[in-house]
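Below are two complexes that have subunit A in common, paired first with subunit B and then with subunit C.
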Partner chain A sequence: MLTKPFGSEPSDISVIPRFKVLGGEELRSLISTWLDRPGLAEVFLASLTVDASLVMNRQDLLTKLETRGGTVNTTLIVSRMGLSDRPSSRRWRDLAALSSAGVRVYICSQLHAKLFLFKEQEKVCWAIGSSNLTRFGLASNEETNIRGFHTADYVIFRQFAQSLLDKSEPLSKESFQRSDRTW
Partner chain B sequence: MNVPVATADIGPRIGACDGAGLRIKILAQLRNPLLESATFISFRYNDFDFLTGKVGGGGNNALVELATKAALNGARIRVITRDPFSDADGFATSPAFKNWYLGIGRMVKAQIDVGIHPTLHSKLYLFKQNNERRFYAIGSSNLTAQGLGFGWLECNAFGYHRSDYLVLDQAAGRISEDRRIEDWSVWDRRCKRRVSYARLAHVD
Partner chain C sequence: MVKTADVISASGFARMPFRIVPPTDMDHIIWAGDRSIIDALLFAAKSPREDELATSELVVIWGDYGSGKTNALKYLSKELRKAGALVAYIPRPAITDKPMWSLIVREVFSACFLREDVVRRLTRLKNWVGQEALSRVNEEHSGDDPQKLMSQKQSEIFSEILPEKPGFVEFLMDLVANKSGDQNWKFLTGSMTPKESGAIAGKYGISSEGMGSDHGATELLAYFVRVMTHTVSSPPGSDVVYLLFDECEGLNDLSPAGTQSILIGLRDLFNLATEHLFLALALTASDASELWGVFDEPLMHRLSRRPIAVPQLDPSEAKAFMLDIMGQNRKPNYQGAPEWPFSEDGLDAFVNSCPAPLTPRKLLVSAQRCVFQKYAAQVVQGTPVQAADVSDFADWGMGA
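Right after this comes the complex of A and B.
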């Protein structure tokens, strides 16, 4: 999939950067802030793996997503690569808990993308880069991410997110059973 | 494309691409005879063929060959990648390590500036041509066959805008000034014994 950027000529005269660069800690702060916003309508998170016990602004990610999962349209895609083959493992249990709380959890076999989208009635926020939703990705590693608030750019990434969703399957009893068979 | 001032910020200025899309763009940049400078900041790299995805086979379309040719053509190229011994993913003890090590050796011989970072996980690519055109890409794709369309599902942002490029160029500058980065020769000397063990473990 390829989407062509607009304004790709060097003569383009707009000089204000369209995004800001964020390290892992700054991305954690951004995600945490957006998950706390009362007007939040839609959340899309794609990450190789998710560390649900990750503390984000005095509350762990799992609790945060559980709290918002019922009222906000929240989608989470994780990679099969980042999951243990044991359905009883913590990562699987976390995903099951999120799914029960209303988060639409998807599994994608070869996912390596890290994409985070937030939408309110009037505002949007997108972030993309190298950070996974883990302690390493949001704290200790040297990571480079960018974030922006421009609707036109958001639309590009929202379309991309849909293409990832099309290649994923919802977390279901079958996901666990398949995992059980491979164990 | 000339965009009036009032509308310059209305449309999208950033593109999204998967690994295969990014591979095509990086290949085009590396082959461009006007290439003035290129920066590759990537957690992992491997010397793979851009057309077939084959790792370690060499050839005209292999990453190291393309980078080496660009450097010999006068482009200033720098590569920053992760120290394989600082990561617990087993890379340093895998057969891929030999390819990694020999590839860097060839790049260094071609005057490519290589730095080894202990905790790097970023994936950032910057290209500048001497006609002032620029290209940047940032996202999840490592500089590997798997990251560039021969394996994993990736998501990257790319663009050509000067001001966006400059923001990322500054970020690349901050990373490259990190005091923890070791020059290749320093790293190679320090890790000589470990490298020997790792290579001996996978003799062809």
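Right after this comes the complex of A and C.
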């Protein structure tokens, strides 16, 4: 019989790690790559706020989401906390543009979670952590996120995403009006 | 301008040592540095042999870009072919504009296996079938037509070799006998019209889908593996059939239909050929968790070994790699220092200055530029590359 060398142990897939820690820049690269994937079927993004001019692989996030929003089931939840601004401000305008492009935009009053989910027909990707979808969160801040591709993990995060959606309201004229009153 | 040949000669090399061997070149592959990775692969590759465990293996090898995965698969191919095995090295899964599993299987037959080699290997089985059938005819002493009886006994043996599809054994035996010209080979390579394929399939009772569908291609490749490795003839056509898939990270660039087709094909093939098959999948990944993002879960559950990582090198491993690669490319009877055309401290400085991640590819490219471009004239004049020479290494873009 053969003498077993190092590294040839029988498989035990439970020892294969299911997630990896990412900094903000790596998370940006991951999100950008997944937004470009041709088979993308569903996107779910939750972030305190969104910096639509954030450049992702030579294209700003707004353009990327607008492009995919029409063809991919894309949901974006942002926090009202991140929108304490005039309805005429750039962030509100960006959200309105995304909504017009087919992205389902929701507002959650106390949202602080950062959750990014991508689904193809048979493949998934999830990421959670501290990064918001902003230039600071995906570039200059010291952030910690984790990402994985395992379906069982994705299912858990997708359920959590649904619970966030249940606590949110779709972006509407009333959202703008309420914001104006808050201001 | 200094000629490369002059630098090779002045450096005491027989050939260019710092070379990234192109995908098509299998003959000049060498293994340098730490052997634990290649030993693990060779160990796993021997396991599906009949005199070992016989059970098929599905192995994954992963590491950074340039870490040596391709070299490992190609070196494995070279060693296995030297030992007489039938090996297909598939450089990447995206072989066509619209890659599907059935097209990859056709590619295995049309570009990786040679018809003459397959025929030579199966000739042993054909000879054995002929002798065995004759001996059974003789044992029976019946008054039937000897030709008819011989044919009956051959069919009986075909059923024993591949009970589910005895016609496929006959198909392969006719391929060896060249009974239908090269029609049977054309069937395997998919270079037939559907009508022609249908006629062949009907004649041998093979699935009419032939190589035209993923399911048909998987079935035929699995049957091929089983017949090729069947142990009734000694030795079999090949102890194990090896299919080595490189650059599997490219699966993520395909359409979802293409990716699924290939992943399901790999899974079904592994399910159908439970013995004497070795499947190796290599991919660029920064950590093992990325495997979940490239392969689907059912395939991951079929891995028969822990994924083999090809790690980055630390400076001492990088130095050992450089010494080994230079040593294996020296002129016969070379008497000089092992570090030449570097000085001892020059080689240390070279590996320490090379920007992370330290990979064989980066070392080879950097050494090529250092010795054969920047310091070529100095080396030809007999002065080695010294520590001071590479102090500004990062600035002249050598590590990129």
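The rule is short, and it goes like this: the second predicted complex is superposed on the first by the 169 of 183 C-alpha atoms of A that agree within 3 Å, B and C clash if a C-alpha of one lies under 4 Å from a C-alpha of the other, contacts with A are read in each partner's own complex, and residues count from 1 in each chain.
Assume a residue touches a chain if its C-beta (ideal position, glycine included) is under 8 Å from a C-beta of that chain, and two chains touch if they have at least 3 such contacts.
In this text, all values refer to a predicted model and were calculated from it rather than measured experimentally.
Colleague: Once the shared chain is lined up, is A:38 touching subunit B (first), subunit C (second), both, or neither of them?
Modeller: After superposing on A, A:38 lies in contact with subunit C but is clear of subunit B.
Colleague: Per the contact definition in the header, classify A:167: touching subunit B only (first), subunit C only (second), both, or neither.
Modeller: In the superposition, A:167 touches subunit B alone.
Colleague: Let me test your reading of the model: by the given contact rule, A:150 touches which partner, first (subunit B), second (subunit C), both or neither?
Modeller: both
Colleague: Looking at A:128, would you say it contacts subunit B, subunit C, both, or neither? Reply first, second, both or neither.
Modeller: In the superposed model, A:128 contacts subunit B only, not subunit C.
Colleague: Let me test your reading of the model: by the given contact rule, A:113 touches which partner, first (subunit B), second (subunit C), both or neither?
Modeller: first
Colleague: In the overlay, work out which of subunit B or subunit C sits against more residues of subunit A.
Modeller: Of subunit B and subunit C, more residues of subunit A lie in contact with B.
Colleague: Looking at the overlay, what does A:159 touch: subunit B (first), subunit C (second), both, or neither?
Modeller: In the superposition, A:159 touches subunit B alone.
Colleague: From the superposed pair, tell me which subunit A residues show up as contacts to subunit B and also as contacts to subunit C.
Modeller: 1-2, 4-13, 15-20, 148, 150
Colleague: Quick check: in the complex, which residue numbers of subunit A touch subunit B?
Modeller: Its residues touching subunit B are 1-21, 46, 108, 110-115, 128-131, 136-137, 140-146, 148, 150, 152-153, 155-157, 159-160, 164, 167.
Colleague: Quick one: which bits of subunit A touch subunit C in the complex? Just the residue numbers, please.
Modeller: Going through subunit A, the ones touching subunit C are 1-2, 4-13, 15-20, 37-39, 120-123, 125, 148-151.
Colleague: Which bits of subunit B are touching subunit A when the two form their complex?
Modeller: 1-3, 5, 8-18, 21, 24, 41, 43, 117, 119-124, 132-134, 138-141, 146-147, 151-164, 166-168, 170-171, 175, 178
Colleague: In their complex, what parts of subunit C are in touch with subunit A?
Modeller: For this pair, the touching residues of subunit C are 36-37, 39-40, 43-44, 46-47, 52, 252, 255-256, 259-260, 263, 286-293, 296-297, 300-301, 303-309.
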